[in-house]
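Next come the structures, one after another.
Two complexes, one shared chain (subunit A), two partners (subunit B, subunit C).
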Partner chain A sequence: MTSTGAVRVALTVFAAQLRDRPLRLAVAVGAIALGVALAAGVYLVNESALIEFGRATRQLTGAADLVIRGGRAGFDEALFARLAARPEVEVASPVVELDVSLAAGGTLTVLGVDPLVAGALQPALYGELVGRFVPLLAPQAIALSARAAESLGVSAGDRLAVQLGARQRTLAVIAVLPESAYGRRLGVMDVGSAQWTLGALGRLQRIDLRLRAGVDVARFRASLQLPAGVDALTPQVSEARGANLTRAYRVNLDMLALVALLTGAFLVFATQALAVMRRRQQLALLRALGATRAELRLAVLIEGAAVGALGGLLGAALGVAIAQFTLAALGGDLGAGFFDGERIAVAADLSTLAAFVALGIAVSVAGAWNPARDAARIAPAQALKAGDAEAAPSVRRRLPLAVGAALGGIALALGPPLRGLPLFGYASIALLLFAAVRLVPLFAAAVLARLVARRPVPALALAQLNGTVAQSAVSLAAIVVSFSLMVAMAIMVHSFRDSFDRWLGEVLPADLHFRVTPPSDTAFVSPAQALALEQLDGVARVELWRVTQLSLAPEQPPVALIARPLAASSVPLPLIARATAPNPGLPLVFASEAMRDLYAYRPGQVVELPIAGRPQRFFVAGIWRDYARSGGALAIERSVFEALVHEARYTEGSVWLAPRADGATLRERIRALLAGGETLQVIAAGELKGRALAAFDRAFAITYALEAIAVAIGLLGVGLAFAMQALARRAEFGMLRHLGLRRREVLAMLAGEGAILGALGALYGLLVGVVLSLVLVFVVNRQSFHWSLDYVLPAGPLALVAVALIAAAALTAGLTGRVVTSGSAVRAVREDW
Partner chain B sequence: MTAPLLALERVARRFRPDRPPVLEDLSFALAAGEYVAIMGESGVGKSTLLNVIAGLDRPDGGSIRLDGEELTALDDDALTLLRRRAMGFVFQAFHVLPYLTVARNVGLPLALNGCPSGEAEARVAAMLAEVGLEGSGPRLPRELSGGELQRVAIARALVHRPRLLLADEPTGNLDPRTAAQVLALLRAQVKGHGGGGLLITHSRAAAATADRVYEFDGRGLRALADR
Partner chain C sequence: MSSRRQAAARLGVLALVTALTLAAADYPDVLPGAEVHLPADAGAHPLFRTEWWYVTGWLATGSGEPLGFQVTFFRTRPDGDAANPSAFAARQVLIAHAAVSDPKRQRLWHDQRILRAGFGLAAAATARTDVHLKDWSLAEQGEVFTTEVRAEGFGFALTLRPSVPPLRNGAGGYSQKGPAAASASLYYSLPQLAVTGTLERGGHAEKVTGSAWLDHEWSSAYLDAAAVGWDWVGLNLEGGAALMAFRIRDAEGTPRWAGGTLRAADGAVRILWPAELRFTPGRRWRSPRTQVEYPVEWQLQAGDLMLELKPLMDDQESDSRLTTGAVYWEGAVEARSAGQRLGRGYLELTGYGERLRLR
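Up next is the complex of A and B:
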């Protein structure tokens, strides 16, 4: 045979078999399609959201070379005059940027700009306003983006009520910007009107600068002497800062989707490996007819590539549909609450889709690699002989690589985050999983050899499993891969939820809580209101907080600054570390775990925080656990903060009831007293905790879904493996029927094999899952979100899932056996094996 | 006169209404200790005859009795248990389980019939000695030649001392010398165990080892030779 001829003959034989057993092809293609679809779907959702996010940021910065940005509190507008006077500056545009509480509930980002100057820098956004800027100069005039007008249900000429502290003000909607101007919710006012009307006199949050031609941006930036807490950002850094906010969440979802793809690849491996085992004699025949080892290997790989191409094409199409559906149903953050329900279109170009098809082919070929090698290794003379069976797995060949991979996995788990992501952690999981799969045949052989059954049917089931360890190991590995990942994820999510639940109990000790929600720059509780609140009948005690933001690094999202009572508080900080070094007489700051990871804050250290435009020195007194903010949070004594900013206002508070006071009545009285309308939430601690846990579950819903799909793919693999083995054993079943085994005994034997494999898979999967969960809890989660978790093993639920898995494996094996044994026992024994 | 071990009376089997019946009014008897061969061209229905006798296929009419028990009246479970207890099979393709040792392959019918393990081991060892495979119990099928595999199949077919041995082309996959040895063994074993044996073959050499030879031509059985 010529080389191409041999491959063609091999492929013809395989194609004929695929036609004969279309289910095998369908399952393998389906698994790859599902994996690619999930990976493509999650990727497209993330990318589409980021593209939209980036577009919105670029529309806001326009042609600016630098954006001078302070925290939420902003900076003194005198900086604008100083910068605008610099000879390198061609255009300087002052901007007030505030999240304004709406009386009807929710917030609206409002930009206060000088329309003529801003029109030069951001013509797409403000072009429409430049022509009619005069009406915008009216003190309470506001123009809305089309999206804002639509979501608020207002149009030009309507009024819009906003909450400013305890007061409400009404703005006049003078125009609605065209859809093309800006795709998100936005209000635009004149900068002076915004300062006057929204209570930000003398303050700016941003200055957009365009520099003259030839000015070196980097040198100019370095020459700026900006107040503490004010940064000069290039548009690229500005965009990256937004993306950084959700990066870890997105990467984790990408990884989870890749798990589904990996499981799909494993299914291809399982189908190919079993097909090669089943076709031993046919492959040997091809070898006897003159096909070389390389040609056989190539033929199996081509088959894998064909499965991957089909699956990849289907998966890419399905991925676009998933992304469209997800963006419409859950938004760009898949329900995690980062993007505030923005409407986002799927951004899928041909090259991205082609990359996913290629990914499908690559994982499918990778899955076919080992089976192809095994196909090439078959010794024709032995395989063509009647009674040929597989050899026992070689310990010497498997153990060193498995141990090496496991040690590598452990070493990688100790690695630091790379560019803020737990990439070593992911690699560690991949290596540990590889080691675990590599050891499956040895584990199966060791356990099966120790099992004993006296009755003939179970004894036959055991003998079959013992005699076909390599085939059993493939089914077992399919169970182990999907089940261990599921176990690891379940432990991680359970640990997280349990820690979060306990944390909520610690940080919500009062009876009632109130807060401005969503957080805004205009709604707050005044000292006078706070005093009245303390004097309300039925109120035993009140604690007031002010939460604001600080910008500590240009490329990072802002850090939450919580000014609250610390020394005399009834709401403890959940501390995990305290300073042992003496305090040199500075005010104290308690840093969240994210501050330790992102900004290297350590207990006992002295740090500078930009408050009121000046760097202020604080002593880091401890590290606390904060599950509410992964970007970092700092807690300082409220009196210290108020002394620095010369201002007292509150955004959150806790209320303890007097004995026998009625919570519901008091809640209404507090709401009426604070007059915050819909922007002020007054809620019982239990309800708040319930809502927080519900939000947690919502954020993890997509995780559960991806996890369930991975397990479903794994079980599909198990079903397929059983079906293929059962098909291959038809003659055996026929012979056993001749020997006097009833059909139900044959089915019981198969179900028993399934149950034994399911039990081994569940046991081994649990062990591997626990190991992987350690990496997830202590490395991946820690490095992604910068908070530690208490490790909790949900023994009951895991035991239930394990039992369900064993039952599913037994049922799957029994059902496939039912199909296979429904044919004639006579015909079965006439088929040669 | 003693009742025959196996008696078929007017047995009929038709697979499709638009085709002629495969078996029609077929009657035949086999005495205990008798070894009978049935020859015929491929496709005439030899195996169908074997299958209706074994209870693996149901006749459309007629009667089949084994040791006086009417098989057509039994349900599938009862037929299976009868097969387990009273019949042994030898196939052309051996059909030994590759993952079981020779001893465990041979011991399968004993295990299925609930024979105590100690007794089963002794009977398997004795049976293996009878078929010339003494000491081969721990070996795996892949270590055996074709002739040895068929000896294992014969040992398995006879180890539980069935009343009736059914052999379907048992030498079809063997060379002439090994085939002759296997046929001699089959005959000796049937005669030695006191049951009956029915050999289905298209080989004249194989048929020649039987007590009586019939030719089956699709219309009925025609006696060819008596030993």
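Up next is the complex of A and C:
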């Protein structure tokens, strides 16, 4: 009986709302829709990218039971002879996998496979090639995936020039694989011609194995005795590795989307709370007419659910559109550069979309929870009296829960990463924010009571706010949530950018830098070229680096190994910790912070690194800060590395100019000397720094966008609150005008109220934001990306944003007041609000 | 998709036609006057484009159940970069086919393999008959040949003992395959091989005996541009005689060339010229898998010998598109004359679906 009664009451109230205040409902629905759309959009982009990533990995692995991987450097092909001869092995498919520098710039991943056997394991990928392998065996023949052919603008019969060291070679494009074969940018060559043409004789990066039926994969794997640095992965591990690469980034985006949704929930709370206050008499009348408390409460909740359902539906649809647009415009990693030019379709199934609609409803009902309770508490007799003043917020009740939440938040911030993610950090932020919101009325009441104004207009504004602390608190809370999160994010990003900027200055001390870019396996600078470079007129000093990759754990992305001068170097390593223990006479390795987090490297420890197929012992001499590689980086002395691999080639270098040497001309001469075509970048330190910072800003662009939307939703709430209050106070304005106040002064009063509220919100939001930023900088960022930041408070920009917020609040208040106080507008708006 | 695949197939054919007609300079030609010298020629001839060792025969189980079997090792030399020092460079590609025709179960067991030579996984020795792809092999072991196949669902290990001397086909082994003299192969056969060994079907192994035929043939220009396929038969005749006969067809199905060798029981060899051979197709059978239609019964006139060829079973079609690229019919047949069995052997019908592609 109660629930049908509630539905009837809800329908009555809701219908009245819809008739009288469609705009108010529309704003609430819109806020939920925007929140859900962002959450769904980000989720769908991530999910679709992951599904595509998994599909591509599975396609590459195919029917293999085990994949033998040796990282970028690969392993000696003798391992293939050994494994292929094992009686348990049915198919052994050798693979050369190289990122090949193209003469026209950029790289192309080239797989050198044996088309005679690869088709048995990866029919989807190589099926087309198996039946007609003869053309692929022709010298320099390459087949391209449809995506690669399209992006390179070539078709079958064309030529493709690649860069190998200082030489260029031309490949013949013999075929373009059908679109269905493989979605990513990829070239396929015969394994033998890839080894020969691409300068990788004797080495393989991968062997895909299919075992005979009945062979125990685990036991076989355990019996393999692989060289150091070579792993035997099951297909599941290969897939997890791809997902791990981007996990922290994806979770961070998910969290930002949730913040937007949370802000949306707040807006529902604000609109519902204000609606309940505004409709006190209406609701009281319903009570007097026989509606029970429970019915009234349920009615408000149902109204919230209806708003949520509408918003959720709109939001889910909008989310799919956002995901589609984002995937088309930015790709699966939102421009962060993790995936290589894949075209990804949105993977949105009905159950996922239904979940997002449900999320919208849940969030909206949660927002309506307190207002529903307030509605049920209305005492009809008292509320029906004209001029009933609302109850003052019961401040004392709020304190214990708020303090408890705050303490919980602080405790959680000290927690370790969970499955490699800063989940405790996020929970800490949520709790701290909750505590902050609980304390808003207390803060508002305390501050407003202490404010004194001498002139009549501000005094009026202040008096009004003081009289309606509960309503003001709701508006304030909406400002606080969005503004504090924005402040926290701004501090985090600023600290990051500032640290990054200073770090760049430290690691780029030379005048000119050159490097193979993007990183490739085929382009490099030879010792002869390096010697010629040192003897160039105008060159004072040259320092050469070789950057390669090591695979230390099968499920983790590879670690960068930087072989560079250490003892006699002019490029300092930004060390943050040094070993105090004595070195037992081993070569030194300096580990980046990520190595400490991901592989538990500690200064003073002895570690084994797989170099040249054998484990080599190193002494961890220190930990350094590296913002370039969140997967980890190791720096060792170049001479040590070259002695191990019996090979000298360089991928990066720094050049110091002689006094009065002309940088621009020298740069051109170096470029000509190194003859690396488009793949070798010679660039001035300042320009390189600028480009790095631009890339940084690009990567954070999506973060800024999400933040801006959260603040916009918050401001929308403020505007809404003012509009409703202004309408409620039409009689009061009339009275003030009657008492001699000019319309301009009424508007000034309203704007003043807005400004005071804005200032309170900005002040409180700043305080809360600083607290939250501590968690972001020292917990979330640290645990996500494994690097530490120097905390920097961007006082100027924050003050500017705070002033902008106050101005926006005043302007919103003034504008709504303008609408309300214009005589003719009153009637027109009355129909609506 | 299907049109793309067709286009791809056409492209492949085109590449091969080009390769075959251009007959690149570094592939040796087989010209009139060339001869087979045994035992020196028993091993592989790696410079030639194509080579095969082809064993076909009839088997009988202990209970007298008749079966056909064939195992073939192909060698092909792709047109690669001769200077490539990579151990993976595809200097030689080896292909193996194996099949057992099982009329009782109306089933053709068959499997195929392809590997590039190297790393000890696949090789064809040059000094003697010795070719293997992992654990599939055919090798000379003193007086006898042994062949072993471990395939999907079936396998065999057989010993083949020659009972008559090798038979050089054509003029001393020079076997012309078309009107042009350069379209030819070097070719000898070992008929009347006595077979003993074990055969395994579906996990069940049993002893078998029988008689088989070994062909060894190599060439750089087998089919000329106008030829699309051939009909070939090798028969172990009663009393120790043997007949090999083939004809090459063009796109219209008309014979472009024919040839054969007939050795009587007393050892007298007669070379058969195109005019002396007449292949008359009889009953046809359509493959339910590929929809290709094959004449599975024949009237064969070879010199004054008139034979009827009847298959052990109809479905002896081999789909080897994944290895040699061809779909063909290769099956055990019985040769009769006036209702009386004259011999047993194997019949091969190629180029009935699309033009035969030789790699």
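Following the convention adopted for this analysis, the second predicted complex is superposed on the first by the 813 of 833 C-alpha atoms of A that agree within 3 Å, B and C clash if a C-alpha of one lies under 4 Å from a C-alpha of the other, contacts with A are read in each partner's own complex, and residues count from 1 in each chain.
Criterion: contacts are C-beta pairs under 8 Å (C-beta built on N, C-alpha and C of every residue); 3 or more make two chains touch, one makes a residue touch a chain.
On a predicted model such as this, the values are computed, not experimentally measured, just so you know.
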>> Quick check for you: in the superposed arrangement, does A:202 touch first (subunit B), second (subunit C), both or neither?
In response: second
> Regarding the shared-chain residue A:732, is it in contact with subunit B (first), subunit C (second), both, or neither?
Replying inline: first
>> If we overlay the two complexes on their shared chain A, which of subunit B and subunit C does A:695 touch? Say first, second, both or neither.
In response: neither
> In the superposed arrangement, which partner chain does A:708 touch: subunit B (first), subunit C (second), both, or neither?
Replying inline: neither
>> After the superposition on A, what does A:741 contact: first (subunit B), second (subunit C), both or neither?
In response: first
>> Residue numbers of subunit C touching subunit A in their complex, please.
In response: 1, 4-5, 8-9, 11-12, 15-16, 19, 78-81, 84-90, 93, 114-116, 119-121, 321-322, 325, 359
>> Quick check: in the complex, which residue numbers of subunit A touch subunit C?
In response: 77, 80-81, 84-85, 94, 114, 116-117, 119, 128, 130-135, 137-140, 175, 178, 180, 190-193, 195-196, 201-202
>> Help me check something: in the complex, which residues belonging to subunit A touch subunit B?
In response: 382, 385-389, 454, 456, 459-460, 463-464, 466-468, 731-732, 734-735, 737-743, 824-826, 829-830, 832-833
> For subunit B, which residues are in contact with subunit A within the complex?
Replying inline: 47, 51, 54, 56-57, 76-77, 80-85, 87, 89, 91, 93-100, 104, 108-109, 111-113, 117, 140-142, 144, 146, 149, 156, 173
